[in-house]
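Shared between the two complexes below is chain A, which pairs with chain B and chain C, respectively.
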Partner chain A sequence: MIVATPRFRLEPYVQFAQKAMAREATYRFDVFTSIASVLVRVYLLRMVWVALYARNTAPSDLPLHAIITYSTVALLMGLVMDIDQTRMLHDRLHSGDIATDFMKPIVVPLYFFADGSGEVIFHAVLIVPSLLLALLIVHIDVPGPLVLGTFFVSFFLGYLVGFCINFILNCVAFWTLEIHAVQLIVTWVTDLFGGEIIPLVIFPAFLQKVAFALPFAAMFSTPLLIYIGVIKPERYAAALGLQAFWVVVLGFVATVMWRAGAKRVIVQGG
Partner chain B sequence: MNHLRVMLGVYKQYWRINILTTLEYRENFLIWFAFTFIYHGSAVLALWIVLNRFPSMNGWTFRDMAFLYGLWMLAHALHNTFFSTVGDVPDHIRDGEFDRILVRPLDTLFQVIATPGQVFPDELILALITFTAATWYSGVQVDATFLIFVPLIVAGGALIDLAFNLFISTVAFWFVRVDALRWIVVQLEQEFTRYPISIYSRGVRLLLTFVVPFAFMNYFPARFFLHKAHESSMLPAGVGLLTPAIGLGFVAMAYVFWRFGLNRYSGVGH
Partner chain C sequence: MGKGTPSMAMIEAVGLRKVFRSLERGSGIWGAVGALFSRTFVDKVAVDDVSFSLEPGELVGYIGPNGAGKSTTIKMLTGILVPTGGKLRVAGIVPHEHRMANAANIGVVFGQRSQLYWDLPLRESFELLRSIYDIPRARYLENMRHFGAILDLDRFLATPVRQLSLGERMRGDFAAAMLHDPKIVFLDEPTIGLDVVAKEAIREFIGTVNRDRGTTVILTTHDLADVERLSRRIILIDEGKVIYDGSLERLREEYGTHRTLVVNLAESYPDVVVAGTEVVSRELNLVRLRFNRRELTAEALIRRVTERYKITDVSIIEPDIDSIVRRIYLEGYHEGTIGAPS
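And now, the complex of A and B:
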């Protein structure tokens, strides 16, 4: 049974987000390890690219400093992008609490979104110390305001794509509860085909075609290629448009799955 | 002698239960097998993509790197198959199960190793296939030295893994939560063993050779079998055959530390 929502109020969702932030802040060790992990990877990727560029001819549009910038910014983005913002949906399906959530006078998906956003904002704050410490290991290029501004817009669109993919995966839990392995598999595929570890432009031609046709490229590759200037301003509209296209398509799939899943819970009585 | 027979009987039962459990949860097993396959598959694919564009990493080709990866994978899978349960000690301590293990009349560490779960030698089989293919592909000469030393080196590599697994689990006698520490060591191993250590700075090379000697799991032996001794003047080629001794030495140290921790352990107050 769903209680009709009388009048929409934003305050509860702000509260949910604040609660989530406070919760995340209590895991100090996790904070420490996420920053340490970023720094270790910054070092590792720097050494890898230096070694590769030392003995081979460099690609003309991707000099060493650009690829090191790419990797470092990708790792910092990962602090936010690699969070499973809607894990709560899966957890509450597991515990059965989802049944009582439906009875509360709230919009349930928005509740999950608020909780996830709180977590994300907390991790976004970690980018600052990580960036400062990373600058001790590498030098990164900072582009002009137009590029930087477009990068942030593109990053946000990429974040929405990631959110939808996570939401869809967590919706699978309506039908089968064992989704952890599937999520991990998708994470590996995203890391590689999203361009988080290796820029898609150095993939061999046929793999590049595959990778650019998948939605994962909209998560990391597009904002990062804008940042390092491989995507030039005249192609900004097309690049952002493609990202927006994926947000709409995946958002639609997520909505359909959510409706079907919610119906299932309500019909079965939780 | 009688004691040994009892342990052997227990160990047989342990594998019987593992295999029966796996057969019972077949879908689960298949999903996790897909995970293992895609994890290693995407790692190798990433190496291939990079080395397809940049054919030499400090003198190592993709063929060399395939051998490097195969060797690590085999040793790591051997450890995961037989000793991954050692990593459950912190969980046993936290939920009080460890106190029950302590009062039973069999060696504590043996009981920990033989605590049934859902272990199946699937990763080991996959690793054997990968290593065989990588050996053939890299053109390493399979002679008497290879046939005698590779099994010993793989066993030694698994012991290096075991030593750190046991060491971290022992730390849990004092600090119950060791997830962060384990996570850092695991990351150090998985990501830094993927490339020849000659690409790192001196400090990291020394760390991976003498402090957390993961370089002995694959780099030094691969350097020996691929005849790349000239590339790093740090140590002679022959050290590549020392892996079994290093593994035994580190496991011995970890075991002494374990015994020390066990004698000091007084429970977490259940």
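And now, the complex of A and C:
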């Protein structure tokens, strides 16, 4: 007997994203506090860098205003990037609710992606006012349209890299249910090698080599170095190409992990 | 379906089997550590050679103690668990091979889980389901109106699900499972934790849907009152095997051999002894006598009692399905052991 698989429709996934946005909006207080905390951190980091430069112990050849711009934009990117868009996978594996997801005529990983993206879009929209506030507080540089445009492309690729890393991490829950320890390690490595807190270019040469060989640099470092002009237009293609390479590699790993995990659920019952 | 074609069963399970394989682990912390390195597997047979067939529009109680294999069976029927052996068709489809097509045919309610969006008003979950199942707008509105009336949903459609009472949430979950007019619904412990009024509302709804829409229903439950109220047929399962599949009446007929006569004595007697009966309990002048209805009619028994004692009132308690099922789990089901003393 031939059974027709229901026709694929995008509409439910758009709805999933919209519902995720509506859900996030119910936690308005959360959103405001996280924006407030970013603004405080923007201001504090500026003080730290200013103090460092004033004592003439400048750790790199980056001028002060470039490094302040770098940290401020990094913190704003963090508002979006630090959301674990795939946390839902782990939560639903843990509670067993994943069974009810599989009982619906939907492509389950796409459901998680849509939900996570809704969350991210909601937060991204909130960044605009915080960006304006940040401009008022610390006067960051705003580059020209070519640099800015490339920055956003690079930011998007970095977002996909982050999504894949999170997805792989949450897939570990298919086998262990608990991912807290793994998550701590990955967060620590990302903080160090992602370039969110400290620009990778001020690392010693040896550590720079390591950092730039890892996928984490594709998340924050690449778009940020494009923004402050360390990566020049002639190297844009190579930089974006490397990010795209990581998206493909990590996307492949994520797919393999998902297939194996889903198979485990339907054969072993989770 | 053409003329003369035999009607196709809605659910057809033949020799269904599910074996879970897990790592062997010892007890205590060393057992847990050892399990990290151990490669010894233990097989656990959860469902063992289960066969049954359901006609369209049937309502069946699927009953068993914890760990009997009820949920495992339901998971295979919904296509989220691959059987180890046997054949299974749900509305003509092999569930795990066509998970998406099967999902469009079924509705599921878990008493212990909700498929509603926790943080959003109830109505939003329904809108989302309309989109997931591609329900035509007119049909959706009609169903919303219909379920809204039976389940009294309108009062809390705008309330976020997390603020609903358990009874309200369950009513929402039932509407959610039925919104796309599934051919079959699986109800897993749907009345668990509900108060009497909410239980009754849910049972009423299940009965209505089954009767008016011809929806096939499989109901797993611990509360046998659900079954007594709703289904004529029950399937009893224990340790992964079907131990009884038939009507509730037959089961009662075969196993419900003992009735209880409740007697109100007019005077206090030191001892109450009636031939052919056993005193189950006595509180002052209220005595409960258990007797086998195959050996003694109620009429004869009352005559025996009144010959020896002065009484003010009598009543008879029929065996409830709960005690019958409990007895079968303890002793096993044996066909033809009718009337055997318990």
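We take it that the second predicted complex is superposed on the first by the 258 of 270 C-alpha atoms of A that agree within 3 Å, B and C clash if a C-alpha of one lies under 4 Å from a C-alpha of the other, contacts with A are read in each partner's own complex, and residues count from 1 in each chain.
The rule we apply is simple: a residue touches a chain if its C-beta (ideal position, glycine included) is under 8 Å from a C-beta of that chain, and two chains touch if they have at least 3 such contacts.
Everything quoted here is computed from the prediction, not taken from an experiment.
Visitor: Looking at the overlay, what does A:137 touch: chain B (first), chain C (second), both, or neither?
Guide: neither
Visitor: After superposition on the shared chain, which partner residues are touched by A:188: those of chain B (first), chain C (second), both, or neither?
Guide: First partner only, chain B.
Visitor: Touch test for A:172: chain B only (first), chain C only (second), both, or neither?
Guide: Once the two structures are laid over each other on A, A:172 reaches no partner at all.
Visitor: Determine, under the contact definition given at the top, whether A:105 touches first (chain B), second (chain C), both, or neither.
Guide: A:105: touches chain C, not chain B.
Visitor: After the superposition on A, what does A:96 contact: first (chain B), second (chain C), both or neither?
Guide: A:96 sits against chain C, while chain B stays out of touch.
Visitor: Where on chain A do the contacts from chain B and from chain C line up?
Guide: Common to the two interfaces on chain A: nothing.
Visitor: Which residues of chain B touch chain A in the complex?
Guide: 27-28, 31-32, 34-35, 38-39, 42, 45-46, 49-50, 52-59, 177, 179-180, 183-184, 187-188, 191-192, 195, 199-201, 204
Visitor: Spell out the residues on chain C that touch chain A in their complex, using ranges where they run on.
Guide: Those in contact with chain A are residues 20-22, 72, 75, 78-82, 92-93, 96-101, 103-104, 106, 108, 110, 113, 115, 117, 119-120, 124, 127-128, 131-134, 160.
Visitor: Applying the document's contact rule, which stretches of chain A touch chain B when the two form their complex?
Guide: Checking each residue of chain A against chain B gives 29-30, 32-33, 36-37, 40-41, 43-44, 47-48, 50-56, 59, 178, 181-182, 184-185, 188-189, 191-192, 197-198, 202-204, 207.
Visitor: For the complex, give me every residue of chain A touching chain C.
Guide: On the chain A side, the touching residues are 1, 3-6, 9, 11-12, 15-16, 19, 22-23, 26-27, 95-97, 99-100, 102-106, 265-269.
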